[in-house]
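Each of the two complexes below includes chain A, the first together with chain B, the second together with chain C.
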Partner chain A sequence: MEVNVGDVVLPGDVIQAPNTNDKGKLILGPGLCRHMDEVLITTSGVLRKKGRNVYWVDSHRKRYVPVKGDTVVGVVVNRSGDTFKVDIGSSEQASLSYLAFEGATKKNRPDVQIGDIVFAKLLEASRDLEPELVCVDSYGKKGKLGVLPEGGFIFTCSLNLIRKILNPKCQMLKILGSEIPYDIAVGMNGKLWLKTKSIKETIAIVNAILTAEHLQHHEIASLCDDVINALKGM
Partner chain B sequence: GQRLCLADKEHISGCGTYERNGYIYSTLAGVVNVVKEERSSIIEVHSSKGQGIIPAPGDIVTAKVTIVTQKFCKCVIKCIGDTVLTRPYRAIVRKEDVCATEKDKVEIIKSFRPGDIILGRVLPLTEVHTYHLSTAENELGVVIAYSESGVAMVPVSWTEMQCPKTYVKEPRKVAKVVPETVTVD
Partner chain C sequence: MMFLLLRTWYLILQYKFVPVKYEWAMGWSMFMKRSKEKAQRKQDAEESQAMFSDVITEDMKRGECKYVIEPSFVQCENLIVGRLSFLGMNPEIERILELEQKANYVKKENEKDISDFEMANRYDTLVGTVSRKFSTKRDHRNLQEYDPPQSKKEMKFLKPSCD
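Here is the complex of A and B:
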């Protein structure tokens, strides 16, 4: 079945690609695959287009598949030799080397224990190899990565909700932050780490984020106002 | 362990036997087979069940890659030279043995993937139960590989193979397979 941009698509559908862009490149994002001369859909969702030649399928996912370059929130579960094993919610545990921290050398080991939460970036992720994490960027600087402080709360949500709240168009994090002070680390693997001053505020923000799954951008602003008013009233 | 005969110019140890202290001893339980040549005879022992052949250092073997990690890849030896084995042997290709040049910059994930069929040379034995293979020659490396969509890929250079259906190129350490017979027009 031939489909157009903005349609709900199922695996097996063929895209009607514009023929006038014969000289330019077509960039196929997640959910699309080239088969001989056609472009086939491989996941169910909504077909989207950005710019002139970037296409992808927006799909609803909960299970995380590691992708190179994603920043994720993980839990350290094991130490073996000079690497840590970190659980990021994917099919295999990821490895994080001792030396992948700011200012770490063979003699100066980083202070990471089993059970710590880390915010790290995926260095290598492939179908056939175990994922590799680093807590330092290519300049050797820590940035926002590294071990997260104690006293936070971790919860999971679906992957498209993560993409929605990280979208610059979504004002949720800003509106909540203007009234309630909080620290948040959003992992592309569906895990969020949140730290506020009291349990009430934590629960309020968690509920606000989870409820925003099915709301449009304009409805999210009124949801945030409701949550803030409810907290002030308590 | 049974002593068979003296090891001298007329008696040479073949497969299934070894030479020690000037005598030829057997390694297998089986039947002795004497192969007569012009001036010498080769003493071999053939086992009644199974093949007698095992990978020896220097042999070229055909193996299938099972697991790939950062530092090495594990594979299973399927054939030794032209003989197809009835039982598989386990082997490892270390990162340093993949390519003859630039041994430090080699990335195993860009040379082999699970499911690839490779040609390798057996290195001198160090460990029990696992053989070490080397693909550090032009004629050794990946012969058959499948792309992410499951289609057999075609080599396009010494470092890349391309899928004929999705046109995606994947990096591999490709073997230079020389055809045995060349037809002259």
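Here is the complex of A and C:
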């Protein structure tokens, strides 16, 4: 069946052939695959389009499949020789070399313990290989990556919710941040790490984020205001 | 390239096989050996193709590619990096965010190479020069005559004040 942008799509559907004579290449995002000269859908969801040539399927998903370049939150679960094993919620644990930290050398090992939470970038994510994480950029600087501070609360949510709150159009985190001091790490793998000054604030923010799953952008703004008012009233 | 090489080998082998008419005693064992090799080679080729199947597409073999596969949502939806801090909870991260914001702002400003204001200023100083280009020689001379004579003060030795 042929489908258009904005339709609910199912695996096996064919995208209405976008002008194939166009010079620009078509960019096929997640949920699409190319078969001969047709573009097929591989996941169920809503077909989206950005700009002139970017297509993808917006789907509800809870299981994370590692993708190269994604930033994820993970828990260090094991340490074997030169690498740490990090649970990022994918089918296989990711490996994180102890040299992939800022300023780390063979002699100067980073201080990472089992149970620590790391915010890392996926360097390698292939079907046949173990996903590999790094905590530095290509210049060897840590930037926003690295071991997250002591304390805090880690929770999981669906992958589409993560995409919703990280969308530049969504002001949720900003609105909450204008009144409540907090530190957050949102991984593309559906794990979130949150640190605030009190347990009440943590509960409020976690609930607000989880409630946002089924809300529109403008509803989210009023939800945030409610949460802030409730916290102030206490 | 590799595919082509394999393909040629495969054809050569096939060619050799078709006219095989050995005596049964000798030929059969040779045939078995060769067909085993052939099967092995075929399997190897299949395996190597399967290994790179997600990287090398049919179009790449044909030498044309209309599609770019982008497996990440981050690029598609312009998602931000999910590491944020607010109201001084983590000054290190907040500093990075501030720098990023500044860089974004500067980038937007710089999209216009020269601002309108700069352009106006520049042309303001050129008005005289450009107008002279369009004036006739007589105008030019008149202009020069009516130019107020530039008063040139003669440089004098300034006596340093002695204390």
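Criterion: the second predicted complex is superposed on the first by the 231 of 234 C-alpha atoms of A that agree within 3 Å, B and C clash if a C-alpha of one lies under 4 Å from a C-alpha of the other, contacts with A are read in each partner's own complex, and residues count from 1 in each chain.
To be clear about the criterion, contacts are C-beta pairs under 8 Å (C-beta built on N, C-alpha and C of every residue); 3 or more make two chains touch, one makes a residue touch a chain.
Nothing here was measured: the structure is a model prediction, and the numbers come from that model.
Aligning the two structures on chain A places chain B and chain C in clashing positions.
Between chain B and chain C, C touches the greater number of residues of chain A. Touch criterion met: A:124 reaches chain B, while chain C stays clear of it. Contacts of A:34 after superposition: both chain B and chain C are touched.
Contact with chain C, but none with chain B, is seen for A:176 once the two complexes are overlaid on the shared chain. After overlaying the two complexes on the shared chain, residue contacts for A:144 are found with chain C alone; chain B is out of touch.
In the three-chain superposition, chain B clashes with chain C only at 39-47, the remaining stretches of 39-47, 75-83, 129-137 or 147-155 being clear. Common to the chain B and chain C interfaces on chain A are residues 33-34, 36, 127-128.
Contacts from chain B toward chain A in the complex involve residues 68-70, 109, 113-114, 148-149, 165-168. By the touch criterion given at the top, residues 51, 54, 57-59, 65-90, 93, 96 of chain C touch chain A in their complex.
Interface of chain A with chain B (complex): residues 33-36, 124, 126-130, 132.
Remark: chain A residues 20, 25-30, 33-34, 36, 39, 48, 50, 54, 56, 67-71, 119, 127-128, 143-145, 149, 162-163, 166-168, 173-174, 176-178, 180-188, 192, 195-197 touch chain C in the complex.
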